[in-house]
Structures are given as structure tokens and as C-alpha cells.
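Two complexes follow with subunit A in common, the first pairing it with subunit B and the second with subunit C.
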Partner chain A sequence: MSRENHIRKNKGLKENAPRFFLLIAFIVITLVFQIMQPNFLNITNVMNLLAHSSIIGILACGNMILMAAGEMSFSVGAQCTVAGALFGWVLAKESSNSILLALVFAMVIAAMIGLVLAFFTVKLKVPTFVCTLAMGTVLDGFTQILTGGSTLHSSNWPPMLTIMQKKIGGVFPLPIIVFLIIAVITHIIYEKTKPGRHLYAVGSNPTAANNVGISVPKVKVWAFAISGTFCGIAGVTAVSYNNSVSLTLGGEYLMPAIAATMLSATFLKLGKYNVPGTVLAAVLMIVIQNGVVNAGYPIYVKDIVQGILLTVAVAIIVLIKEDGLPSVKLEN
Partner chain B sequence: MSKEAILRFKGATKRFGKFTAVDHVDLEVHNKEIVSIIGENGAGKSTLCKMLTGVYSIDEGEMYFEGKKVEFHNTTESMKAGIMMVYQERNLVGMLTGAQNICLGNEPKKGGLIQEKEAYEKALKIREQLHLLTPLNIPVEELGAGEQQLIEIMRAFYTNPKVLILDEPTASLGEGEIEPFLSFIKEVRDTMDIAIIFISHKIEELFAVSDRIVVLTDGKNTLTDKVENVTQVQVIQSMLRTGKSYGRIPVPEKDFNSLPTVLKVDKAIYDGKEHKLNFEVHKGEVAGFYGLVGSGRTECVEMLYGLRNAEKSYTFNGETITKNKTSTMIEKGMIVTPEKRANGIFKSLSLIDNICNLFLAKHLAGKYAGVVNRKLSRSFADKILKESDVKYNSPNQQISSLSGGNIQKIVIGRSVAIDNIQLLILDEPTNGIDIGAKFEIYQQIRTLTDTEQEEKRVGVILISSELDELLNVCDSIYVFANGDIIQGFRRAEFNKKDILSVAVRGKRVNE
Partner chain C sequence: MNMEKTKKRSEAYAWKERIANDWLLLFTLGVAVVFAIIQPAFLQVTNLMNILSNACIVGVMGLGLTCIFATGELDFSAGSQVSLASCLMAVILSKEGFNSYFLALIITLGIFVLIGLYNAFLHVKIGIPAFIATLGTSYLIKGIAKSLTNSQNLNNLSTWPESFTFMGQGYLFGMIPMPMVVLILVGAAVLFYTEYTRAGKFLYAVGSNPKACDYIGIDGKVQKLKGFVITAVLCGLAGVMEGSQMNASSPILGETLFVPALTTVFLGAAYGKIGVFNVPGTLVGAVLYALINQGLLMITSEVWIKYFMQGGMLLLALVMVIIIRKKGN
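Here is the complex of A and B:
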């Protein structure tokens, strides 16, 4: 049957256009904001934008690893906040204001939250959706306890805490650098290494993965642990950049982070979550938020725009990919 | 045999509870040999393979690999030893390329990074060894079914296998792809050091490709011989089950030519193919659909019932139907009980709810705001439970607490309670229920077609993989293969061997 060379299907505009949906949306939306307010693209605002999107981006990268493995978490926002709160809480104690100690503490707890989720979803087979929704509520409660129910800021905090407000060369805020490093590492792991390949295999065809000897539960546990750690990094970065622990942090980040991951599958590799797409989408989310606020619209307008964008993007994938995405499988 | 066998089963047995799936089977596989395993649905072929690959443990008997006694606990162990299995369902990751799929799980790496080039070259080398030309650098989802199949076989060769198990490898192939595939398999046998186990229920294929044929019937090995020593007829004969004692059901003789026709079908187009479906069902007739897995029985029923998109034109109860929806078919008096019992019931609901949910739209939820009338529901459910002779404690108990046989009786009982019932279609109704309960279901079916009030008689289509059951209960049997009805038999013409032969060969036998 294959005695003759396979001729690759000629892809027309119809098939290629969706690959750049995200990029086109990005350019159009940015241009609209630039026309509305000529200051939109000045260097200060761009850097401000990028710094904010870095936190969303780090979160989205972790979330992408989880979603690539076929799971979906609604607690990434809460995980991020509780890690930030732990970090701030440890440092607020007079007896323990070592940045390093607080950092390690927050990271270990963040990873462990991921493992707890893995225990419930992988081991006990509780649906991830329910489990992470519940975990989100529990963690929000803990955050309230740690912060005393209001925005946390302490005079005990060492000056080092605000390191993320520093700018490299006086231009680039430090979170951008952290984000870039994390994005590059995630990209390499996901696209170039064996664990990354197995992650994707498990998410898109668990039976096939199992049949070639990949342990599906093991890969999923790792995905939960890593995504938990990424939530921790995002939380600590946010606290350092804002110089406070805000209770609404997680709630604000959840939707953009999930949306950024989803949108990544509409960029370049249709139907496959990828890091370049995640980065672009994370920035886009903040562009929308920032643009809406700067243009004088009420903040909730951004929710509407972000929501529509996400729906359209996922609809595009569904129309093109018959078998859907890992973690958003379609029946038939 | 002179040579030492690579793989040998001695008295291998596997039991699931009381049921013996594989019963003291001896099997030998040699290097450079294709051994085919053939058997009806549920004859134990898959179970045997799962024992070979370590998915199932062996309850009794021994397994020898390269002369040494072995025991595999999982597929990783058997794969390491050199037993590779290519599964019936496709096992590829769509967005990865052929080369990436071939290496999946064993990617060559350096410094933690996958060496894509090396992986591609390795895959290319396997491709050359096998004399194939399937492209390896594009996502496999862009390839056809046949080429995807070949990618999976190449993957099996990635680790130098000694035994290759192919489970129904031609099932997903198109007609033009089968023959080249078979000659490819023979070429592999001749050029490589490998033993091949080929599982199929298409007998012509097996005769074309195998060196030796092993027949399994009800888990027992009923024939093992070189292919040149046996004929197709002999193989079919040894596939016949000895026939479990069911207890004969009385089937009255009727002259169907004088009875009204409920359903008449000629052909229909679905799944991109025209299917010849020449059959009719009369009032008071039980028509059996026989065929092996994938022969298209369920698809045909789904077409009739409006569950499968199709271009069709058939006569139901005197009305020509070209477009249908399931809800309108039920109104017209056709109802199907699904193949999996679980799809016919609401597991966590009570008997009353399970019976009445089908009728809520009509008489049970009154005129006002559709509030369900509990009293009416209760008496309706009681009536059906009594008519169907169900053993239960309370109509409020959960349906899942009943036995499979009793659940099936409820499903049938409530189905025939629809207004204007003309045709009841039962898809594998006796699957997984014990012999006593089966007998009661047969009685229930025959009562529907033979009741003394002639105007109340209905037509029944009974889909089953158990030929004995069909021979026992039906007035006629239609045999499916490759999506078509190949031949129909009236009760007077029933002949077990002929029917089985039509199913495995996909060709008519001469009357």
C-alpha cells in the first residue's frame, strides 16, 4: 500500500489561517488600543504590561504542563496566592526573615499541594474538575488565615523582598527575566526531552502511551507536582513585585492563566498546547486588561473581551481538530 | 517439530470466576513461522494474547520462552523479552511524526534532549529493513489507516522482537489494502528472524498467510495443524461449538408469506459505503442477525433507528422511511434495546423510574406543568414488572441491585409497552447472563411473537454472537459480513456449519 511516496496534503489558506489566529488577534487588539490612546505602546507601559503578564505567563506554563498531560486545574489561582501568602507570612515573623528560607518553604508547600491533588485525582480517581475546584476553596481559606483576612504587608519584610521591582539596565523589570527563563526551560523540556514527549503522549492518547510502556499515573503525578511548583514561583514573584499579598490575586489570575494555555493551542501547532503560544496569549490577556483600564472603560469589560476570545479560539480548535485537545477531549 | 519453539504454552488456562476463558491450551510458535489463531467472538483469542503479553496471569499451565520457563507480570516485562503486540485499535499519538511514534517510550537521547535526527534515522533503518515507503516525517494523523498500521508494525520492530502478535490487523484496512498487507507480512517472515502470531476471524486471510492454524472454540484448542493439511471446511467444523444445553424453545410453524410485513429493507448508504441489507421481518417473526465482531449488525440497526446518518429508504409498517429520528421511530412503534445493558438503564435510579422514564412525555406526567404522577407511575411499573416476571423486592429499589437477567427483562418489558409497538430490536440481550435467565428471556421473546391475540404480535430482530441461541429462538437468520447481509436462512434451512461458514468467509453457501 505504501509502495509509492506519500504526497503531503496541500494546505490552503483555510487550513493555515487558524494557525495564526492568536497572532492576528494580538496585533489587531494591540493596534485598536494604540489608536484609542497613543501612549499605549510607549516603553513604560509596555514594560509594565510585560511585567504583569510575566506572572500570568509563569502560571500558564505550569498549567500547560498539567493540561498537556490531560488534566485541568481550577485551583491554579488559589495555589499561586497561598504560596505567595506563605512566603509573606514566614517573612513577617521576626524570628524567620530569611528570604531563602521563606522561598524554599513556599516552594515545598506549593509542590506538595500539587501532590495532594495528584493523590486525589490519579490515585483515588476523583474527577480533577471537582477536586481542584474544592482545593481552590480550601486554599483560599488558608490564604485568609495567613493574611488575617486583608491585604498582607509587613514592616518586618526585608528590603530584599521587593527585588522583583528592580529593572535590569533600568528598563527590563526582573519578572520578565524570570518568565523568559521559565518559558525557555519549559519549552525545551516539553519539546525536546523524553519526559516532555511522554507528557504529551499521555495527554493525547493514554492507551498508546501505556502500550509502549509509559507509566501514565507517574507522568500525571509529575505534571501535578511541577504545575504546583510553577504556581508557587508565580505567587512569590507576584508578592515581590507588588510588595504585598493581595487576597484577590488568585481569582484574578485563574481565568487568564487557563485562557492563555487554551489559546496556545491556536498558535502554530493547532491542537497542541505550546510555550510560544502560551507566552503570546499571556501577554495578550494583560494587553486587554491594561488597554481596557487605560481607555477608561470599567475593568469588567476585559472579562467580556477575554471570555469571547477564549470561546472563539476553542471553537476554532473544535472545528478543525476532530479529536479535540488533551484535557478537553471531545466525544465522537 | 524438529526445531525448538520460541514460545510454548503448555496447558495454559485462564478463569474469570466460574467462567473458563482459556481452557488447557497448548500452543507452539517457531521462528520464521506465521501461526494463526481463529475463533468466534469470545472464543478466547484475546485472552490468550493477553496471557502471552503478561496482561493476565496464567492460572494453570506453563509458558516457555526460548526454552526457559517464564512468567510475565506486565507488558513491560514481555516487551523486554521480545514479545511485541500490535493492537487492534490504533495506538498512535496523532500530532507526532511516524519516527517520533516509532521511538515513543524509547527515545534516543543525549544530555537529556531527544536526538530527533538519530530517532529518524533509526526509524528509517527499520523502514528499509521492512522494505516500506511510509513517510516518517509527517504527523501520523495525516496518514491513512493502512499506513498508520504499518507505523505500528515498525514500532514493534524498534526493539528487535522475537515474537510479533498481530491482533486483527486487517480490521481497519480498506479492501485494496489487505492483500498487499498480507504479502508484506509473509515477506517479513521470510526476511527476518521472527515468529508471527496472526489473529483474525476472516478465514480466507488466514489461509493466504499462515503456516499453521490454531482453532479456539469456547476457550479450548480444537484444531492445530499445518495449513496445507486442512481445508476451510475442516476449520469451520472445528469452530462449531458443541452446543450448550439450553433447553429447546418451542417455535410454532407459521406461514410468513401470509403475515403482514413489519420491516422491509433493501440497501442503505452509511459510513461512506453502500450496504446490501436485503431482509424483511413479519409480524410474529423473530429474525436473528448473526455475524462476527465488526460485521455491521449494530450499524444496520442504528441506521434503522435513526442513530446513524445514512442515505436510506426502507418500508416500516407500510410506510416508506427515508429520514428518521429516534423519537419519531419510537412513536411509529420501533424500539431498540442497546448492546450494553448499562446504556439501557439509569443505574442509580429505582425500578419505577427506570420503567417510567420512557413514558414521561405521555401519560405519566399529567397535563399540568408535566408533574409526574407518582401513583400512576407506580401502578404502571407494577404492571410491567408483573408481566415481565421480574424477581425484585420493591419497585423502589435501585435497578443496579438486580441481576443482569432481571434487568434485561425490565428493559424488554418496558420497551414493548410503548404504544403501537410493531418491532422490537434486541442487541445482544443475553450477553453476560446465566443460562437459566437466558432461557427466560427466550420465552419472553417468543411470547411477544406467538401470543394468542394475533393483533398483539410484534416482529423481533435478535442480534447475537451466539449461534446456538439464534438457532434455538429464531424463525430466520440473516448473516452479516463486512457490513452486508450475505445470506438469509429460514428455520427449515438452519444449518450451523453453513451459517458459520457464511460469517467467516463472507460468501454465500449454495442452498
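Here is the complex of A and C:
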């Protein structure tokens, strides 16, 4: 018993320091901002931060499912925007003001976009990275049509539309609740259930997964559909929170969401994308952005900090862990 | 009699093969004819020259990407590299008392060699997957580009020398557009390097079978390093041309060129050496892209058509490449 503990301890320092790198970085960065501007951590700003990070977080959760299955999407931003635009477009019509119907409509289309992507990548075996980049551009075109090329806001929108601006108990903005629910469900499914383990198996070793009887294409199709739906949820949440559909709605969130997913693989379970890491990284991304802007620095500091953070974090996993990340390949 | 038949058949077969090989070129010509019928002004010399100059910037960028794709890796930071190059040139030349355009060009390209080395360091030395490494780099470069120009666009500064616009708008001997000269020179150099030298062929060798290369003593790491450096330098050159053509520099303008450049590379894989990223293919792809882009602009000004066209063409190119490879196997 004591010997085991001893061994564990010895291993602990070397293994644990990188495992908590993300958390340490998070605390250090937050403290730096707090020192620079004393009211960085007041309740209004924190809640504001969390509400913004919820949208990135939902996107990142969807993206994580996809990346866990060994695929990669560059169209999550465009998918998010187009779903939001659809939602706004349907509600802007004279005859339709059932918010539920619009929601269902946007979700179904969002899931179908995921299926189209799955058709290209799983069925036709087009390299995912380029295919999603192309699809993202096409979807941006659809957004242009739906919004008429400018920020969409309609007087026909029912007042219910801004439900996400409400605060539960006067403190917690609703997007945070949505985000928490989605994160918890994703976490449970991914870590505790069979489909979740299949997802991980397919991503980390497709051949082995195939050999033990998991249908690899089927899992990937599901991953695409779920990630599409999550993009839809993020889009609708963002539209509801902002009370408008901006053309760059999802585009702004694309890189932070992808970075958050990548960073999650450096937290707790090295080399495995996971939900707690994704949540932490999503909040961190917004902390950096908000902190930089609030401190009066030009916005480019954000780009540089995020870039260095991404590189350092991934470099740490790669250096510590031999097999590293489920790497994203150009060719199938 | 019989022999004649076989000969005829083989001739027919050769024709079919020719068409299969050159379909991209034929398609490009076809597109040009269609546009010319819809809009006769399309065939004016100025318009055609315009199209070719547009093709040049994307083409130079595509040539760079071809080199890194040949090694089986990719450089996601290409778009932001283009922006950085335009900003670097603008800022260096806006310094008082510094107006040697040539020297500024050398400094910029020198910095881009360093960027290529940085990417290669992250991927080859540390072992981060190229995709994530260059994603991080793209953030970093974007940030640096914005910091150089303070997140603004610089337009036609008075301190810029006259020669600033030469690379993008000038004419060599008064008739050949300068971007085209650059494209032809760069294209010839890269073509010669990748097709006719041992060192260049190693790039493809590493891309198609890294393990075999290891066995026969080709160091994959060196090849990838070369790939990254060539890509960075050519993206830098593309950025210099872009800045010169617009007579401006912007820290975000390069990113809109990334999807077009990818499109040209993938279209290129469907021409010449089928299924392989290659230089002549990339050049034809760049021309086709510029042709459709400019043609659509002449017919309509709807923004969404541009998006559909960009994304749709990339998808089409991808599917073509996949189908061709499947048939090849």
C-alpha cells in the first residue's frame, strides 16, 4: 500500500504538472487581469464573460464530439451563423411567429448540414479539413441570402426571442444554464456510456474499432449530425442573446472554439479531448479576449496570447506523451 | 485488318486519355467561351490581362502550398502570412529615410524564411501535428500583422516610394504585367525544382511514402522543413504583390485568399499529373479560378454568388480528385 503510494507520488509531479497546465494558465491569466483592473472579477463582468463563453462552449462541445471521432470541422462557425440566420429569417416572416417551430426548423436544418458534411467526408472520403472549409464558404453564401447581406433584425420577432437575455435569480444569464446542461449531458454520454466510448475508440484507432465490430462510418455520421445540432443550438442562443443576426456571428467563434477543443486535450487526460477541459478552455478564451479589451490593450494582443497559448499547450502534450494527439491528417 | 483495328482502337484510347488528362484545361477554355458569349466585353484584352493579374497572386500562393502539400503536410497560416507580408512591406517602407524597395523586399522575405523555420520547428522538432502548429502560428502572425499597422488598413502613404506599386501594377517593357512576370518566374523555378531536381523530387517522395523514404535514407524532416520554408517565402511574395496591387496593406486581407489558394491547389491535382499536387495544375487552377471569379463579377454583383462559387469550386475539385484517385486504383 505504502509502496504504491510512493510510486504514485514520484510519478505524480512529472505527470501532474502538465495535466494542470491549463488550469494554472487560467488562474495566472485571470489574476494578471484582476491586478491590472480591480473590477475585472466583479459579478457583472464575470457573468458577462460566462454568458459569452457559453456560446463558444456549446460550439466547442459539438466540435469536441467530432474531433473525438477523429474528424475535424472548419465550418462550425458558418453552421452556427446559418442556423441563427434561419431562425431569425423564419421568425421575421409575417405569418410565422411560433418560436418553437422556428427552433425545430433551425435544428433540423443544422443537423442536416452535419449529414451533408458526413456524406462528403464519410461516403466520398474527401479530406475533412478542406471539405469543411469549402462547405463553410458555401454556408456563408446561404447566410448572405437569408440576411440580405447585412445584420438581420426584424420588428416581427416575438418578444420571446430575447429569452436568453433573462437572468435566473437575477444573476445567472440563461445561456450559462443551457451551456451547463449541454456540457453535463455531453460529459456523461462521452465518458460513461457505450456510444461515448465508441466515439473515442473510432477516433483513436479506427482499425481496432472496426475489428471489434464498431461501425466506424456510422459513428462518424452520428458525430457529424450531433455536432451540427450543437452548432444550431449555439447559433440560436447567440441570436437570442444578441437580439440580432450578425454575419460574423459564428465566424468570430470558429477559432476560439477549435482552440478550446484542442486545449481540452491538455487538461486532466492528456491526449484525450474531454468536456471539463473544453469548458475551462472556452472560458479562458473569453477571459483573454475580454481582459485584453477591458485593459485598454489593442485587440491584437488577444490574437498573440491565444496563439502562443495554443502552441505551448499542445507542445506540452506532444513532448510529454509519446503518441500525442489524435493527429489530423490531410489525406485519408 | 485486325492490326488496323487495334491501332484505331488504341488511337481512340489515347484520345480519351488525353481528354481525361487535360479536362481541366479544356474546362477552363470552355468557361471562358461561355462567359464570352454571355458578356462580349469579357474578351477585351484589358479584361483578360486583369484576370491574369488576379490569378497571379493566388497562383503564387498556390505554388507555395503545392510544395508543402507535396510533403503530405499543410500550412494553415498561409492566409495570415500573406497579410503579414503586405503589412511588413508597408511599415518598413514608411520609415523615414528608407526607400529602397528592393532592400525592403529582401528583409520581408528574410523574415518569412524565419516564419517557415518556426513552423518547421514546431512540427518537425517538437512534433506538433502540422495542422495545429500552423493554426497557432496563424493566430500569432495575425496578431503581429495587426500590431504593425495598429489594426488599420494603410493606404497609399506618401512615404512609400514610387516603386511600391510596380510589383502589382507595373509593366515590364511597357507591356507584360509585372505580376505575370513574377508568376512565370516563380512557376518555372518551382516546376524545375520539383520535377527536374533530385532534391525537389524528395518532397513528393516523402509525401507519398514516408516509411520507404526512411529506409532508403531520405530524411523526411529536412524535406518538410524545405516545404515549410518554400511555402512561407512564396506566401510572403504573394503578400508583397497583393499590397503592391492594391497600393495598400491590410492585416486581414490575406485570409480571404486562403480558400481560393486551396482551391487552385486541389483543382491542380486534377490536371497534368493526375491525383498529385503539381505545379502546372496549380497554374491552370489559378487561371480557372480567376476566370470564374472575374466573369461572375461582370455578370452580377450579388455577394452570395461569390461565396457559392468559392466553396462550390473547392468542393467540386475535391470530389474530382477523389474520383480520379479511386479510378486510378
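Everything that follows uses one rule, which is that the second predicted complex is superposed on the first by the 315 of 332 C-alpha atoms of A that agree within 3 Å, B and C clash if a C-alpha of one lies under 4 Å from a C-alpha of the other, contacts with A are read in each partner's own complex, and residues count from 1 in each chain.
Just so we're on the same page, contacts are C-beta pairs under 8 Å (C-beta built on N, C-alpha and C of every residue); 3 or more make two chains touch, one makes a residue touch a chain.
Computed from a predicted model, the values in this text were never measured in an experiment.
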Which superposed partner A:M262 touches (first subunit B, second subunit C, both, neither): second
Chain touching more of subunit A, residue-wise (subunit B, subunit C): C
Subunit B versus subunit C as contact partner of A:Y200, first or second or both or neither: first
Touching partner for A:I188 - first (subunit B), second (subunit C), both, neither: first
Subunit B versus subunit C as contact partner of A:I214, first or second or both or neither: first
First, second, both or neither for A:I35, with subunit B first and subunit C second: neither
Touching partner for A:L100 - first (subunit B), second (subunit C), both, neither: neither
Which of subunit B and subunit C A:I43 touches, first, second, both or neither: neither
In the complex, subunit C residues that touch subunit A: 69, 72-74, 122, 126-129, 131-133, 135-147, 150-151, 251, 259, 262-263, 266, 302-308, 310-312, 314-315, 318-319, 322
Residues of subunit B touching subunit A in the complex: 75-76, 79, 85, 87, 89-96, 100, 104-107, 109, 112-114, 132-135, 138, 142-144, 146-147, 150, 155, 176-177, 180-181
Residues on subunit A engaged by subunit B in the complex (per definition of touch): 1-6, 8-9, 188, 192-194, 197-198, 200-201, 204-205, 207-209, 211-214, 269, 271-272, 323
Partner subunit C, residues of subunit A touching it in the complex: 72, 120, 124-127, 129-131, 133-142, 144-145, 149, 255, 258-259, 262, 298-308, 310-311, 314-315, 318-319, 324-325, 327-328, 330-331
